[in-house]
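Would you mind keeping the following structure in view while I ask a few things?
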Amino acid sequence: GGNSGTSGGGASCSKTYKVGLVTDVGKLSDKSFNATSWQGVVDAQNDKSLCVQGKAIESNQPTDYAKNMQTFVDQGYDMVVAVGFLMGDDTLAEAKKNSGTKFAIVDFAYTPTQSPPANLTGLVFKEDQAGFEIGALAGLMTKTGTVGQVLGLKIPPVVRYAEGYKAGVKYTNPSAKVLEVYQGPGDGAAFNNPDWGKARAIDEINQNADIIFGGGGNTGNGALLGALSKQKACIGVDTDQFVSYPDADGCLMTSAEKKLATAVKTAITDMVKNQWPSSNLLTFDAANGGVGISSYHDYDSKIPADVKTKITDIQKKLADGSLQTGVNIS
Amino acid sequence: MPALELRGIVKTFGGLRANDGVDLVVQWGEVHALLGENGAGKSTLMNVVYGLQSPDAGEIVYDGQPVVIRRPEDAIRRGIGMVHQHFMLIPPLTVAENVVLGHESARGGMMDLTAAGQMVSELSHRYGLEVDPRARVRDLSVGLQQRVEILKALYRGARLLILDEPTAVLTPQEIDRLFEIVSNLKAEGKAVIFITHKLAEVMRIADQITVMRRGKVVATTTPAESSPPDLARLMVGRPVLLRVEKGPAHPGDVLLEVEALKVEDDLHHPAVEGVDLQVRAGEILGVAGVEGNGQRELVEAIVGLRPAKGRVTIAGRDMSHATTHRRLKDLSHIPADRQQMGVILDMSIADNLVLPDFDRPPFAHWLIRALDSIRAFAARIIKEYDIRAERPEQRTGSLSGGNQQKVVVARELATDPKILIAAQPTRGVDVGSIEFIHRRIVEQRDRGLAVLLVSSELDEVLSLSDRVAVIYRGQIAAVLEGEAIDREHIGLLMAGAA
Amino acid sequence: MRLVLHWLRQALVPLLSVICGFIVAGFAVFLSGANPVDALVALFQGAFLERNSVSETLIATIPYIFLGLAVAIGFKAGLFNIGAEGQFYLGAIAGTYVGYSLHGLPAIVHIPLAVAAGMLGGLGYAVIPGVLKARFGAHEVITTIMLNHIALAVSDYLINRGPMGDPHASAPKTPFIQHSAELPILIPNARLHLGLLLALAAVPIVWFLIERTTVGFRLRAVGLNQTAARAAGISVGWTIVLVMAMSGALAGLAGADEVLGVSHFMPPTFSVGYGFDSIAVALVARSNPWGIVPAAFLFGSMRSGAGFMQLQTQVSADLISVVQATVIIFVAAPVMVRWLFRLRERPAIPTPLAAQEGAAV
Amino acid sequence: MNEFLQRADLVGLAAATLLASTPLVLAALGGVMSERSGVVNIALEGIMLTGAFMGYVAALATHNLWFGVGVAILSGALIAGLHAVLAIEFLVDQIVSGTVINILAVGITGVYYRTFIQQQNVAGPGTLPVWKIPFLANLPVLGPIFFQNQFVTYAMVVLVVCVHLLLFRSVWGLRTRACGEHPLAAETAGISVRFMRYGNVMLSGALGGLGGAYFSLQQVGNFLPNMTGGKGFIALAAMIFGKWTPFGAFLASLLFAASDALGSRLQFYGINIPYQITSTLPYVLTIIVVAGAVGRAIAPAAVGRPYKKS
């Protein structure tokens, strides 16, 4: 997250690249997934050297995805960013239909059998690595031997975080217990039910958990508030929530980051610089800094030096491949 | 100084002039009867006096002062009380709560129910209107409910009391009690306006009589100067036959038979407790009883609208478990509550005229409605039964009450049924229409129709029935025939005193 | 000519209501700091003037026609089917299943089968609240809202790595339906599909059903006065179940149509807010089947143009709800419109829903 | 057994239940007052959403949470006033006008959320403080359940009693019930049905608005589009299940809240039921309760019927 500033070189733009972003039904107000992806467009726009101009359309229902993307194409946009795995098939179809426009889709990897066209790339993250890192931290920091996580809908990126988290805890603290709860779809407020998330965090704390990972949009944000209200530690998700969600600063140890903004900006940059990936895929992982954990901010002083060392070590090993999370969910 | 003087009251509903320049003078210490056919505008006039409706023109002078009455509150404050044609009580509340409602004694906004109860007790002692202040109104008999209504008015300090058709649902004994109370009030110097369709009562209690027709006063007279036939003629504008003309019955086979019938009311209390009845072709069996003694449940059980234990045999077939739809093949039913059960006010007259047969030929073939035959049928019936309507497509709700009733009666008689169950067939209908409906029912009886007549109107039962069954607390107290049909005796049976 | 005049008069109050709705919504835009004229122009542009936008607007209109009819049928019988959303889901699920699981059928067989499955799915789901109401007196507003929530969970259960999930997909979704189940495209290079004709055919069918058949009479009688209907030998319980079944079948058809015509597969979260929107459609149309068409078109246009409006002016698509709400207010309160415009005509008051027997919410 | 109890964490469950029931109870109390006066209030959802939004905006602008709570209550009453005007003055069907309020609330809060709140990345006004009642808070079992809560929850408990007294012991309540059972009779007794209905619908809105404050000011410290998530409708079910009485509504709301908490807990007890199924527990329960357990609850006789004197 954050603002990448406007320090780019004062290149006068011979061409302005127009980039359109289509949200999934979560909308820009989710303070995480869609919002952060949009931040990538904004960052690109603020980087004057790229000469980018961005706009967003929020989708009201899944049948809008194709239409909203087509709207950008028809308006002569150079690139369309589709946010969310829900849009995978529509994006594929649109990309095939409009070969003159570049398409990037967050959280989606195409298989060769789908024969994705050259103008389409998926942006995927190894969330399990970020989850593993915070899990390892939680395993080291828990005093009660129990940690918790409150998650949004059970969809692949969320599951990767969650499974990585569990693996990380086990890695540093094999006897520790992990409590987990996913938000059900029935309340119709997927990723958007902070009240529920808060209550579940408190439930987990009542069951002895002393660190809560809130992984799932506003629902997860609620979990952070729950930890805060019980004076327990909490861990954020997707972006450095110390910045993006100051309400929870009082309990936030760190956040499991998935650098959506970076990824989106990278894809835009590749488009502008004519370095569009040929593999239909940009993977963001610990190795390229696409996932990781944010700085400890106010919590820095409460984390013993040896813990920090161990975490840094784990980060290195994940990056160079000598440590695997063991999570394989596509 | 007169108690009340109305000058040129006008009240219109849309194009209809319900009150068309009405003048009326009521003196203190007088019982003033107000007569008129249905829709003459009596209730409307009283609603104007009580502030429920605002007049378009005219003046109200009360106790010598011109007054403007916008809301019932204004009327109550001036000492005008009204007992409405349909009781204005709130069933789940207690007697005390109903009486004090709107004029509660309170401390800091909180009800003082003890004080209220005491006041109600005192008041009922003083006027001989005994009733338990803690009882819930929904558990009271109609007669007791009426006492509560009068108590309500007196509690508010009424000096002018309006009684709108107060005797329609009372037993003869209860009517005697009521008249005593009215006499007491009169003796205290209070004024009473008394609305009724029963001319005998007028002769008995009124000091002055005002007759209305089509929103206008057509006569002012006294009992001494007039007679019931005179009054009937003044009301309707033509001579009316006040007695039903009918020959002796020639009963045939039993067409409707009810055995050991047990039915519960809406609150699952037993309402009909083991009733046996037989109705033969060509006879009218009247069921007399005070409202609320199980008549409604009895009728609804026979028609199949209410689950029941026991046996119902219709035209020789056991129909105890048949649907209403099947029963209605041989059975016609004039429901007591026409606006709720009899017609669908928002449908056309034509649709209402085919309501029980809408899916049978000739009104429908397979699933398709035969609109032409429906229209033709409706046009014929409207003419035959003199329903005052402009077109068959007209909304039924736009008809006057009497004409709505005619729609129901016409429809139920038109399809040549074998059995007719007529509940309150002439309720609230004026003498002219009563004459018409009664004649139709007797005609059909003479052609072999079996009629079960259920009415709380004792006069109606007495004049129409060939046999009379008296219902009391869900049981048949007696079935009387011929000479045994005696007004006083039946009145006592209805009150459970035999 | 007289017919045209009659129609115009019928349409006058709704039309004025729509205008009022836009004025109020424009005011809301103004308060939020954007330019209302720009926003409304962009909305119009997005719905009609951009490439393929007419086709997209018609696509958005199709489900509103089905769903509007579904809700309107309920209204006619005095039932408030807020469950159109859930029935839409179940219809989509059933249609999708038949769409992908049957192989080797010719389109002429496969399409009707899938459509019928969708109708059956919606029907089955709507019968639940129907029976609960008929048998136990459970108010349909509450049960259908709850069933909407449950439908979301059911669809997530089935599709999100459940029995209907596509094991090869990287995202939770069903497999694609067979080509033989896809509704044919009406215009080359656009997405407009056969569903439009189905929807337009449904209108006269529903009209005929309500106005000319004994079934329609039965349900109108129940809607206007249950007690009198019962006394006339009409089984109120059966009628309620029947009405819910018809209503659900139409809603299910809408769901199946979205899959078979537009998306060709089903993700776990499929429809957002169609249920409530369709209530608005039915209200604006005053439950008249013919009126559903323009009303659905209005709502379809708004939905279709909303994206472009946001693109041009960055005004939130939620604005559409404001327009909808105000339009309904003015339609439902004809007294108000007449008062505003000094009209003398006396439009019918819509069927009372709240005042049914035992119908306390 | 002891270990099971500890694992089951009944105290925690009870505390979570009381907390989660807060908005349900408040909205249901609102429903009770409105419907007892004869006006169906299906708008509670929209009223709560409005309260949540306006309360949050006010708190954000003034940095004063208490001012926010006040504004939430007031705005709830005002939007309910719109329902009242439509239903009482213009005789709009009450379910229709309630639906209108619901749609309108979603639209308006959504539009203004985008304009005024979404861009904010500063910490919000926070949440209402937890008040530990001295001494009582330390009681075992009862302490953590009842005496370590925030304002809205305390207010909810107190209001259950207040609304009960108001409805069944006060003059206002008597008149309210009269209007809901037989408005014409109330009018003839000198009561202004119109005034009583306005009063009660707006009171209902105030209670719903306070329920809205629960979301934005007590729990989350932020506003989110649609954050009431259908709780208003569940509250209506609770009101019916509670047979239109305050205590009944309270108990029914507790039942729903408990089933929600329990459904989620089944997940971390490791019970092997798909989470989609357990998450539907409150909805399934609502249906069962509305259909079965209650039977045909008897509503105020005149509820939903417009009343207009000529």
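First chain written, first letter: the chains are A, B, C and D, and each begins at residue 1.
Keep in mind that, in the parts below, a residue touches a chain if its C-beta (ideal position, glycine included) is under 8 Å from a C-beta of that chain, and two chains touch if they have at least 3 such contacts.
Because the structure is predicted, anything quoted here is derived from the model rather than measured.
Novice: Please find the path from chain A to chain B through touching chains that uses the fewest steps, and give that number.
Specialist: 2
Novice: Going by the touch criterion at the top, tell me which pair is linked by more C-beta contacts: B-C or C-D.
Specialist: Higher C-beta contact count between the two pairs: C-D.
Novice: Of the other chains, whose C-alpha centre is the longest way from the centre of chain D?
Specialist: Checked the centroid distances; the maximum from chain D is B.
Novice: Please work out the Cα centroid separation of chain B and chain C, and write it as a whole number of Å.
Specialist: Computed value for the inter-centroid distance: 46 Å.
Novice: Roughly how far is chain C from chain D, going centre to centre by Cα mean, in whole Å?
Specialist: For chain C versus chain D, the centre distance works out to 29 Å.
Novice: Between chain A and chain C, what distance separates the C-alpha centroids? Give it in angstrom.
Specialist: Between these chains, centre-to-centre, one finds 35 Å.
Novice: By residue number and range, which residues of chain A touch two or more other chains?
Specialist: Touching at least two other chains: 154, 184-188.
Novice: Could you list the positions in chain B whose residues touch two or more of the other chains?
Specialist: None at all.
Novice: Show the residues in chain D shared as contacts by 2 or more other chains, in ascending order.
Specialist: 113-114, 225, 230, 276, 279-280, 283
Novice: Mind listing each pair of touching chains for me?
Specialist: All chain pairs meeting the touch criterion are A-C, A-D, B-C, B-D, C-D.
Novice: Of all residues in chain C, which touch chain A in the complex?
Specialist: That would be residues 46, 50-52, 56, 59, 148-150, 152-153, 155-156, 160-161, 168-173, 176, 191, 258, 262-263, 265, 267-274, 303-304, 306-308, 310-311, 314, 316-317 of chain C.
Novice: Please give the residue numbers of chain D that touch chain C in the complex, ascending.
Specialist: Residues 35, 40, 42, 86, 90-97, 99-104, 106-116, 225, 230, 233, 236-237, 240, 244, 274, 276-277, 279-280, 283-284, 286-287, 290-292, 295-297, 299-300, 303-306.
Novice: Quick check on the complex: what are the chain B residues that touch chain D?
Specialist: Against chain D, the touching part of chain B is residues 13, 50, 52-54, 71-73, 76, 82, 84, 87-93, 97, 101-104, 106, 109-111, 152, 156.
Novice: So in the complex, which bits of chain A are touching chain C?
Specialist: Residues 20, 25, 55-64, 66-68, 70-72, 74-75, 85-86, 88-90, 108-111, 113, 153-156, 184-188, 190, 330 of chain A touch chain C in their complex.
Novice: Going by the contact rule at the top, pick out the chain C residues touching chain D in the complex.
Specialist: 28-29, 31-34, 80, 132, 135-139, 141-143, 145-147, 149-150, 153-154, 156-157, 160, 162, 276, 279-280, 283, 315-316, 318-326, 328-329, 332-333, 335-336, 349-356, 358-361
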